[in-house]
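Some structures to go through are shown next.
The same chain A turns up in both complexes below, where it pairs with chain B and then with chain C.
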Partner chain A sequence: MKARSSNWQRGVFIGTFIVPTFVFFCIFTIYPVVRALYYSLFDWSGMSENKTFIGLGNFRDMFRDPIVWRAIGNDYFLVAGKIAGIMLVATFFAVALTRFRFRLAGFFRSIFFIPNVISVVVIGVLWNFIYNPQIGFLNAFLSLFAKEKVTIAWLGFASHTIWMLLPPAVWAGIGFYMILMIAAIQNVPESFYEAAELEGAGQWHQFSRITVPLIWEQMKVSIVNIMMTTLNGSFVIVWIMTEGGPDNSTQVMGSYLYQMAFRQYHFGFAAALGVLILLLSLATTVALQRLLRREVVELG
Partner chain B sequence: MRNAIRNPVLRAVFYAILVLWGVSVLYPLLWTLLDALKDNRQFFFHLPWALPDAPLLWSNFSYVWNKYNFDTYFFNSLIVTGGSTLLGLLLSASTAYVLARYKFKGSGALYLLYIASMMVPFILALIPLFFLMNSFHLINTEIGLIFVYASSVLAFGIFVLVGFFRSLPKELEEASIIDGASYYGTFFRVMLPLSQPGLVTVGIVNVLNIWNEYIVGTILLNDPKHYTLPVEIGVMQAEMQYRTEWGPLFAALLFTIIPVLIVYIAFQRKIASGITAGAIK
Partner chain C sequence: MTLLNRKTAALGIAAMMAIVPLAGCGSSDNGNNGSASSSAPAAPSASPSASPSASPTTSSSASSSASSSESASAGPSASQTKLTGDFEIQYFVGGYGDKWWKKVISDFKAANPDLNVIEDGGPKINDQNKPRWIGGNPPDFVYIDGPNLNDRQMVEDGQLEDLTDWLQTATNVDGDKILDVLAQAPQQYDGKIYNIPLVLNSWGIFWDKALFKEKGWAEPANFDEFLQVSDTIKAAGITPFIHTGKYPYYINGAFLYPAIVSNNNDDYTILQDMAANKVDAYKSPAVLAALNQIVQLRDKGFIDKASIQINHTDSQMLFLQHKDAFIPNGLWLPNEMAKDVPQGFDFGFIPSITQKAGGKVVANTSTATVAIAKKAKNPDAAKAFLQFIFSKAQASQWAELSGAPSNIKGDISSSNAPNFVKDAAKYLTDPNTVVIPTITFNADVDKAMQDATDALTIGKITPEEWVKRVTDAVAKVQ
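Let's look at the complex of A and B:
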C-alpha cells in the first residue's frame, strides 16, 4: 500500500518535471524542424491556397540553380578558412597564455574573448565601416602610402568578395576556441611538462609531443564545432555585410534561404535549402570525424 | 622564474603578437566611443582614427535614445532576454534534475533527443516557426520571442545541468527524503540552492546569446514598437545608405555593447566554465 503511493508520488513528480519542458520543446523545436522537411516537398508562396506537392522538385531545381552551387562553395570556403585561421591563432594564444609564462597572461585571456560577447550585427557594422570606400579605415590607411586617395570598394568586387568576410569571421571566433583550448591544456598534468623539461625538451617539442596529442580530442571537437556553426550560422554576418551581393557572389546557403523565403516568398524552395544545410552539416561531421580520427591513431 | 622561451627575439615576437591582437580587440571599442562623439562633417573630412573635435557631441547619445526610440528597444531587449533566460532555466533545470537522478522508461532516449537537437541547424526551423507564430498571433509580441528563445536554449541547459546535478553528492537528497521531505521539497529546498553555480553559468551564457540574437528577432518582429536592439541596429545600418548619421549609429552600437561588456566583466569565470562545459561532447 505504502509502496504503491510512493511510486505514484514519484511518477507524478517525474511527470511534472519532464512533461512541460518536453511539450514546449515539441512545439517550438521539434514541430518546426519536422514541418520544414514537409514544406521542402511543396511549391509554396506562403499562401495556403497555392501549395502544390511537387515531391523532390525543389531539390531538382536547387541543383540546377548556379547560385546554390556558388553558395555551397562559399560556405565551404568559409569553413576551410575559419578552421585554418581560428585553430592556428587560437591554439597559439592558448599555448602562449598557459605555457610561456608571459606577464599579463590573465589580462590577455580576458580581453581576447571580448569579440565573442558582442553581437554579430555590431561586428558586421564595425567591419562595414572598416571596408567603407569613402570614410573607411582600410582605405584611409592605404592612402597614407599612396599619392592619391584610395577608394577601393572592398565589398563590391564581382568575385572574391567572400574573402573580405573571412577576417571578421575569424576575428570574432578566436576567443571562444582559445578558452576551450586553454581549459584542455590546463587539464594536462604538469608533471608531463616537468619531466620533459628535465630531459631538456624545448617548447616546440613539448608542444608537439605533449600538448597536441593530449588536447587532440578538444581540437577535434573545436574543428567540428567551427564547421557546424559556420554552415548553420555564417549567413548572419553575410546578411549584415553584403546581403549576399554583389550579384549573389557572396551568397551562402543560409543567406540564400533567407532571401528566397522572406524576400522572394519561395518558401518550399527555401525549406529545401534548409534540408540541404542539415544534410551537408551531418555528412561533413561524419567526414571530419573519420579524417581526424585517423590522425590520432598515427600520433599514438 | 626562468623564461619558458629562451630565445629573446622569439620571445619578443610572440609578445608583440599578443599585444597586437589585444589592440585589435580593444581598439574597436574605443573607436566606437570616439566616433559616437563626431558629426558627419568629421566623418567625411577627417581621418577615421582622428580624435573627435571639441565640443564632443554627447548629444548623439540622447538623440539616439529619444529620437530613434532606443529607450523602447533597450527595454524590449531587457524584457525578452530576462524572460527567456528565466523560462529557459526553469524548464531545463527541472528536466535536467530528473534525467540526472531518476531512471524511467525512455529517460535515456529523451536525453539523447535533447542532445541530438543541438546538431540540427536552427535556420531549418526558421520558416515553419514564422508561420507557427503567425497562427498563434505571436508575431510582434515579446512573449512570442521569449517562447522561441527559451526553447532554443533548452538543449544546452539540459546538457550542462545534467552534468552538474550528477556531480552533486546523493547523500543530501537521501537525508532530506528520510527527513520526510517530498520530492518537490527536496528539489526546491536542497538541490536548487546547491546547483546555483551551475544555474548561474547556464543563465549568463544564455543572457549573452539572447541579448545579441538578430535573425529570429528580424523574422518575428516587423513593428518597430517591438524591436530588440540588434534588430534595430540592422535596420539602422540599412537606412545609412540614404540617411547618413554615422555618429548616432556608433552611439547606438554602444547601447548594445555596454550591457554585455558589464555582464562579461562581472561573470568572466562563469562564462569560461559555461562554454567549456557546453563544448565537451
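Let's look at the complex of A and C:
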C-alpha cells in the first residue's frame, strides 16, 4: 500500500515536469510540423481564404525547380565548409589556449568568443561593409598592394558567390565551439599529458593520441550541431547579406522558402520546402552519427 | 509506467506524422501545376477556417451588424444615405507617413457622425491583419502599399470587390465622376477594375544639377546625350551609373520598362500585355532593343561594379557622395535621403533616358492603390469613403501631408507641397510625356525579370537568354 502511494507520488512528481514540457512541445513543435505537412499539400497563396488540394504537386514542382537543387547544393556546401572551417580553427584555438600555456590566454579566449555575442544580423551587416566594393575594408586593404584601386564586387560574382558567405559564417561560429572544446580538454587529466611527455611524445602525438580520442564525443556533438544549425539557420546570414542573389546564386533552402512564401505568394510550395529541410536534416543527422561512430574512450 | 507513457506518446506522435502524408496520397492526381496558377475562380474551399493561431478579430469589428449586404447602391446617391455601423480602414504606414490618413479619416468622421470608423494603421498592419484576410473577416477598406501585400495577388485570391460597374457612374463628393479626376487610370485585370491608384509617383533617372554645372556636363534629354555625357563623366574619373542589384526592380522600373515603351513607338500596351502574361509581348523586338540598351551601358563600363551586390540605400549613398553620376530611382528619393543629402545637392530628374533624340519622355508610374474587401461588412461606407477621398481638395492635401504627388488631377502649384513634388506633377501632366499607368506583374514573372536583369548587367547572360528565361517563367504561370 505504502509502496504504491509513493510510486504514485513519484509519478506525479515526474509528471509535473514532463507534462507541461510535452504540452508545449506539442503546441510549438509538433503542431507546426503537422501543419506545415498539411499546407505542403495545397496550392495556397498564403493570403487567400481558399486552398486547392494538389496532393504531392508541390513536391513534384520542387524537384523540377533548378533553384531548389542549387539551394540544396549551397546548403551542403555551407555545411561542409563550416564543419571543416569551424572545427579546424576552434580545435586549434582550444588546444593553443589550454595546452600551450601563455600569458594573455584568457584575453584571447574572450576575443575569439566575441562574435558569438554579436547577433548574426549584425555580423551580416558588418561583413557587407567588409565586402563593399566601393567603401569596403577588403578592397581598401587589397588596394594597398595594387597599382590601381581594387573594385571587386565580392558578393556579385556570376557564380560561386556562396563561397563569400563562408568566412562570415565560420567566423561567427568559432567562439562557441572553441569554448566547448576548451571545456572538454580541461576535463582530460593533466597526468596523461605528463606521462606522455615523460615517454617522449611531442605535442602532435599528445594531441592526436590523447586529446582527440578523449574529446571525440564533444567534437561529434559539435559537428552534428553545426550541420543542423546550418541547414535550419543559414537563412539569416544569406538573407542579410544577399537575399539569395545575385541571380539566385546564393540561395539556400531557408531563403528560398522565405522568398517563395512571402515574396512570390506560394505558401504551399514553401511549406513543402520546409518539409524537405526537415527530412534532409533528419537524414543528415542519422548519416553523420553513423559516419562519426568511433570507439568511445571513457575515463574510468 | 513511465515506459508505457513514453511508448504511447511516441506512438501518438508517430501516428500523427504518418496520417498526414498518407492523406495526401489519397487523391493526388489533381493535375494542377502547384506553383502560381492564377486559380481565382472559386476553388473548392478547403477548410477556410484554417487561420493559424491569432484570433481573427482583434479590434471588435465582429459585432458589426450589417451582414455583407450585396446590394451596395452603386449610384452616386450613396453619399446621401446616412451611414451607420462600423467601418474599418486598413492602411500601411510607410514612406508617405500617416498624416494624410489621420486628417482625411477625421474629416470623414465629421461628415458621418453616426459611423463608427475604426482605424487599422501602422507599419506592420499588413502582417497583423493577414489572419483576418485568410479567415474571411477582413477590414472593409484597404490601402495596398508596403511589404506582403500585392494587389494582383489579392485579385487572384478573390479578396477585392469588383468595382468595374460601380466606377462607370460613381461620382465623388463634389459631383465629379471619379474616373475623370484620376490622373492615371486604374489597372485592369481581364477587363475588370478592383483597385484605384491613390498615389502618382514616377520612376526615373536622377543626377545632381549642381555637380553637372560645376563640371560643365550637359544634362541629358535622350539616350544619345546620355551616352555622350557618360563618356565624359567616365573620363573625369566618376562612374556614370549606379543601381541596386539587390533590388533589381529599381533598374527595371526606371530604365528597362520605359525603354521597352520607347522602343515600342511609345505604346505602353506592350507592358500591359506582358503583365497579362502574353508570351508574344516578351518576344517583341522592343524588349530586345531595350535590353540591348542595358548591354550598351554594361559594355561601355558605365555601370558601377558595386551595383550588383548593394541595396538601395547603399547605392543612394554612393550617388549622393558623387561616386556615381546617375541613379535609377523613384521620386521618393529626395524625401527618403533627406537627412543625408549634402549641402548644395540639387536633384535633376527625368522620367526616362532611353528615348531617341526628339522622342517623348516615358514616365513609368509607381503607385499605391486603395480597394474594398469583397467580404466587407460595410461596403456602403467603403464606397462613400472612396467618393470622399477622390475629390479635388485631397490632391493638394495628399501632396502636402505625404510629400508625394496624388493621383487626383488638380492644381497643386499653390499648395505647400515640396518643390520636387510640384515639378514631378508638372512632368506627369505634360502632354508630351507618355505616362504608363501602374502595372503589377505576376510575382513569379517579376522575380524572373529581376534575376535576369541582374544576370544581364554582370554579363552572365545575353538579351536573348533574358527573353528565354522570362518567357519560360511566363509559360509556367499561365
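Quick notes on this structure:
The working rule: the second predicted complex is superposed on the first by the 261 of 300 C-alpha atoms of A that agree within 3 Å, B and C clash if a C-alpha of one lies under 4 Å from a C-alpha of the other, contacts with A are read in each partner's own complex, and residues count from 1 in each chain.
Convention: a contact is a pair of C-beta atoms (placed from the backbone, for glycine too) under 8 Å apart; a residue touches a chain by one contact, two chains touch by 3 or more.
The structure presented is a predicted model; accordingly, all values stated were derived computationally and were not measured.
Superimposing the complexes on chain A yields a three-chain arrangement in which chain B and chain C clash. In the superposed pair of complexes, A:I14 makes contact with chain B and with chain C alike.
Of the two partner chains, neither chain B nor chain C is touched by A:A287.
Contacts of A:F22 after superposition on the shared chain: both chain B and chain C are touched. Within the superposed three-chain model, A:T52 lies in touch with chain C and out of touch with chain B [touch as defined at top]. Look at A:L88: by the touch rule set out above, it reaches neither chain B nor chain C.
Looking at the superposed arrangement, the partner reaching more residues of chain A, out of chain B and chain C, is B. Once the two complexes are laid over each other on the shared chain, residue contacts for A:R35 go to chain B and to chain C alike.
Applying the stated contact rule after C-alpha superposition, one finds that A:Y131 touches chain C and leaves chain B untouched.
With both structures placed on the common chain, the touch criterion links A:V117 to chain B but leaves chain C unconnected.
Applying the stated contact rule after C-alpha superposition, one finds that A:L279 touches neither chain B nor chain C. With the shared chain A as the reference for superposition, chain C clashes with chain B in the stretch 241-249, and the other listed options (151-159, 241-249 or 259-267) are free of clashes. Taken together, the two structures place residues 14, 22, 30, 33, 35, 46, 134-135, 262 of chain A in contact with chain B in one case and with chain C in the other.
Across the interface of their complex, chain A is touched by residues 1-2, 9, 13, 16-17, 20-21, 23-30, 32-37, 39, 42-48, 50, 52, 130, 133-136, 147-148, 150, 153-154, 156-159, 245-246, 304-310, 314, 318, 323, 443-444, 447, 451-452, 454-455, 458-460 of chain C.
Taken together, the chain B residues at the contact with chain A in this complex read 1, 3-6, 11, 14-15, 17-18, 21-22, 24-26, 28-29, 32, 43-44, 47-49, 91-92, 94-95, 97-99, 102, 104, 110, 114, 117, 119-132, 147-148, 150-152, 154, 158, 182-184, 187, 208, 211-215, 219, 229-230, 233-234, 237, 246, 249, 253, 256-257, 260-261, 263-264, 268, 271-272, 275-276, 279-281. Against chain C, the residues of chain A that register as touching in their complex are 7, 11, 14, 22, 30, 33-35, 37-38, 41-43, 45-58, 60-61, 131-135, 151-156, 158-159, 242-243, 245-248, 259, 262-266, 268-269. Of all residues in chain A, only 9-10, 13-14, 16-18, 20-22, 24-25, 27-33, 35-36, 39, 46, 89, 92-93, 96-97, 99-102, 108, 110-115, 117-122, 124-126, 128-129, 134-137, 140, 171, 174-176, 179-180, 183, 202-203, 218, 221-222, 225, 228, 231-233, 235-236, 239-240, 254, 257-258, 261-262, 267, 270-271, 274-275, 277-278, 281-282, 285 touch chain B in the complex they form.
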